[in-house]
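Lettered A, B, C, D, E and F in written order, each chain numbered from 1.
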Amino acid sequence: MLRVARRYRFSASHRLNSPLLSDEENTRIYGKCNNPYGHGHDYVLEVVLRGDVDPQTGLLTPLHRLDNYVHQTVLKDFDLKYMNEQIPVFRDVPPTTEFVAVEIERRLSEGWQAVFAGAPQLDAVRIYETRRNSVELNHE
Amino acid sequence: MLRVARRYRFSASHRLNSPLLSDEENTRIYGKCNNPYGHGHDYVLEVVLRGDVDPQTGLLTPLHRLDNYVHQTVLKDFDLKYMNEQIPVFRDVPPTTEFVAVEIERRLSEGWQAVFAGAPQLDAVRIYETRRNSVELNHE
Amino acid sequence: MLRVARRYRFSASHRLNSPLLSDEENTRIYGKCNNPYGHGHDYVLEVVLRGDVDPQTGLLTPLHRLDNYVHQTVLKDFDLKYMNEQIPVFRDVPPTTEFVAVEIERRLSEGWQAVFAGAPQLDAVRIYETRRNSVELNHE
Amino acid sequence: MLRVARRYRFSASHRLNSPLLSDEENTRIYGKCNNPYGHGHDYVLEVVLRGDVDPQTGLLTPLHRLDNYVHQTVLKDFDLKYMNEQIPVFRDVPPTTEFVAVEIERRLSEGWQAVFAGAPQLDAVRIYETRRNSVELNHE
Amino acid sequence: MLRVARRYRFSASHRLNSPLLSDEENTRIYGKCNNPYGHGHDYVLEVVLRGDVDPQTGLLTPLHRLDNYVHQTVLKDFDLKYMNEQIPVFRDVPPTTEFVAVEIERRLSEGWQAVFAGAPQLDAVRIYETRRNSVELNHE
Amino acid sequence: MLRVARRYRFSASHRLNSPLLSDEENTRIYGKCNNPYGHGHDYVLEVVLRGDVDPQTGLLTPLHRLDNYVHQTVLKDFDLKYMNEQIPVFRDVPPTTEFVAVEIERRLSEGWQAVFAGAPQLDAVRIYETRRNSVELNHE
């Protein structure tokens, strides 16, 4: 059993503000990230697969197949977008790195079986918001 | 004569759209960066000084003096901001990497003489918008 | 369950020399790192948390809370210090990357419950001594 | 129990072509990597060890011992080589990142016990083919 | 006057062997890079432009125009190729980083005027063969 | 005319304290870097050469010749050392990045003519003390 990790990049902007918090709490918790005009980052998305090597190809899966899938399900909706307004789920919950990871994992999981038919499996999603912060979500 | 370079980071968002261009031209020239909601980047700013080493300290200048100056003149206005709305000059011209460099060089030059009294001199400003794009502006 | 990783930097110097080894063994095992004057590195510390996302904030914990805790318990004692002399534990054991990780994990664990009250949990500590060497210690 | 990771680099070239696939399938699956003349990469190999800290030295193992072992079993055969022709196993199976990881793990495992006598253990092998692709193989 | 730098990547393989040197000299000068089967690298190409900002667009030139030009004149011939056999000039001279830079600068210069009409100008070409080696060629 | 840049690494420790300044000034100017026990960094040294390509070899100079020269004149004295005590010049002047660059340029210049006989020439020396600070000294 091996793991293959593949990195993608997207640039997006966001504002951290939770409808479940008061204005004062939003300011205290999110600091300058609560700025009403938003701000942006160059996100790195790492998609991790696990499975056995296909003896015919020596690959878990051809990477262009994964690239197409990630482009269709994630990148075309996230790259160069203002997440709060242009990605529906972030009208209700704030686009923190944690919730960005949850949403991307949900999108990748949804159609996975139809495209990859169980081999390889989605193992984990990692999001680097900056060089200092990252979130990892292991797929069950 | 030596050069000292010091790096700073700021996260900001922008939309590329020029009032001097038609909608169609804005779309053709800026592509997805013309997205009306904007998007963001983690910018790296490199400020380059030149001058002689002070024989008493072995430094061109103490870096905390430069750090304070760059923070006051640039970073506190740019970090975690939407440049099109929150930095006045970008209401008139688009916040391309080129114009971001011009504006930052203008801000650094303006009060330089009053703070550094000619030693060291401002040599250049470099902005990395992403790992692939950068702009360098040499101070005359 | 998610993991959040946050990176910190500190510069420190050390000398590798074990009181449990002869001079000859110290030289053979540590090589040039046994130099009596010591030498230094720019360490990267990665603190990994695990837990559930707080539905109100979309965060495992506000990062400024973690930053304050890591600053108080680790960085203020390690940054710009000579570890062998200025961090008490390293008077008895050599400040190898392994023992630096053990000491930092011990400091982070000690007051964790009082500050974070069980959410999130400390998951792991990683120390990169150089770009080539790192140590990971999983918190039980 | 700790993990220590150590990075090595080697430059090598390869051609992706499987004898178990038709010419058309080789082109479809490997794309430009099927180019009959081959092409190359700067690989990064990360060897991960796990074990307990030796209380006398503060180390899992002296790194020069690991360096010698990795040099003898892997690097001297892989660095600056055309893998398809100069590493025997790749005459039969294509030198994909997956199979490069399998071969390196096999070489490291083979003589491990004789050299390290069970402390530390080989934990995992990671190969980064480019900044975007990597493979991880956990040693059982 | 500003400079804009844009980075591209390509993977290629080569063998260093000069027809003007004896076998013994080839071995002595190029060392393991003289291996008859060749080996490869992940090259980074940085193309530097200089000129004035177009006041209408805030750009030296739209980057997609530069990207297309570099793809057509350089990348499509170099990426995933064995330079000694698949790029004609390297049948006569060895594909050292120096000669790779000279060849790329020649290709970029040739049609520059026809595409960019003098604004911006080609300023320099930089090639990073590995993280440790690079060559810079300033365009006159 | 081309430029070739080659990177080297060394780890060293230092204390910033000038005999020409009072204790109070030393504290004010150097801050925590005035810590009497010193601290350390992983320095990157970039040596830049300029000259014409040798038509026989396609190189400015074989890099192993430069590597040997830099090792003999700089690295063997700086790597894993406490500069204040173990490099004579730093008993008199503080080992700031500026003075480290001056000393390294002096060492490289001294025997250059005897080894390289005018081709290539030493063009510049760059020292990166951390990822944020660097000094460049152009050789006249």
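A few notes on this one:
In the analysis below, contacts are C-beta pairs under 8 Å (C-beta built on N, C-alpha and C of every residue); 3 or more make two chains touch, one makes a residue touch a chain.
All values derive from a computational prediction rather than experimental measurement.
Fewest steps needed to get from chain A to chain E, stepping only to touching chains, is 2.
The fewest steps needed to get from chain C to chain D, moving only between touching chains, is 1. Set against the Cα centre of chain F, the chain with the most distant centre is A. Same interface as C-D, judged by over half of the contact pairs sharing residue numbers, among the pairs A-D, A-B or C-F: A-D.
Note: centroid distance chain E to chain F, computed from Cα atoms, is 29 Å.
Note: centroid distance chain D to chain F, computed from Cα atoms, is 35 Å.
Multi-chain contact residues, meaning those touching two or more other chains, occur in chain B at positions 131. Every pair of chains meeting the touch criterion is listed here: A-B, A-C, A-D, B-E, B-F, C-D, C-F, D-E, E-F. Contact residues of chain D toward chain A in the complex are 16, 18, 20-21, 29-31, 93-99, 101-102, 131-138. Those residues of chain E that touch chain B in the shared complex are 1-8, 53, 55-60, 62-64. Listed in rising order, the residues of chain E touching chain D in the complex are 11-14, 32-33, 35, 37-42, 79-82, 85-86, 130-131.
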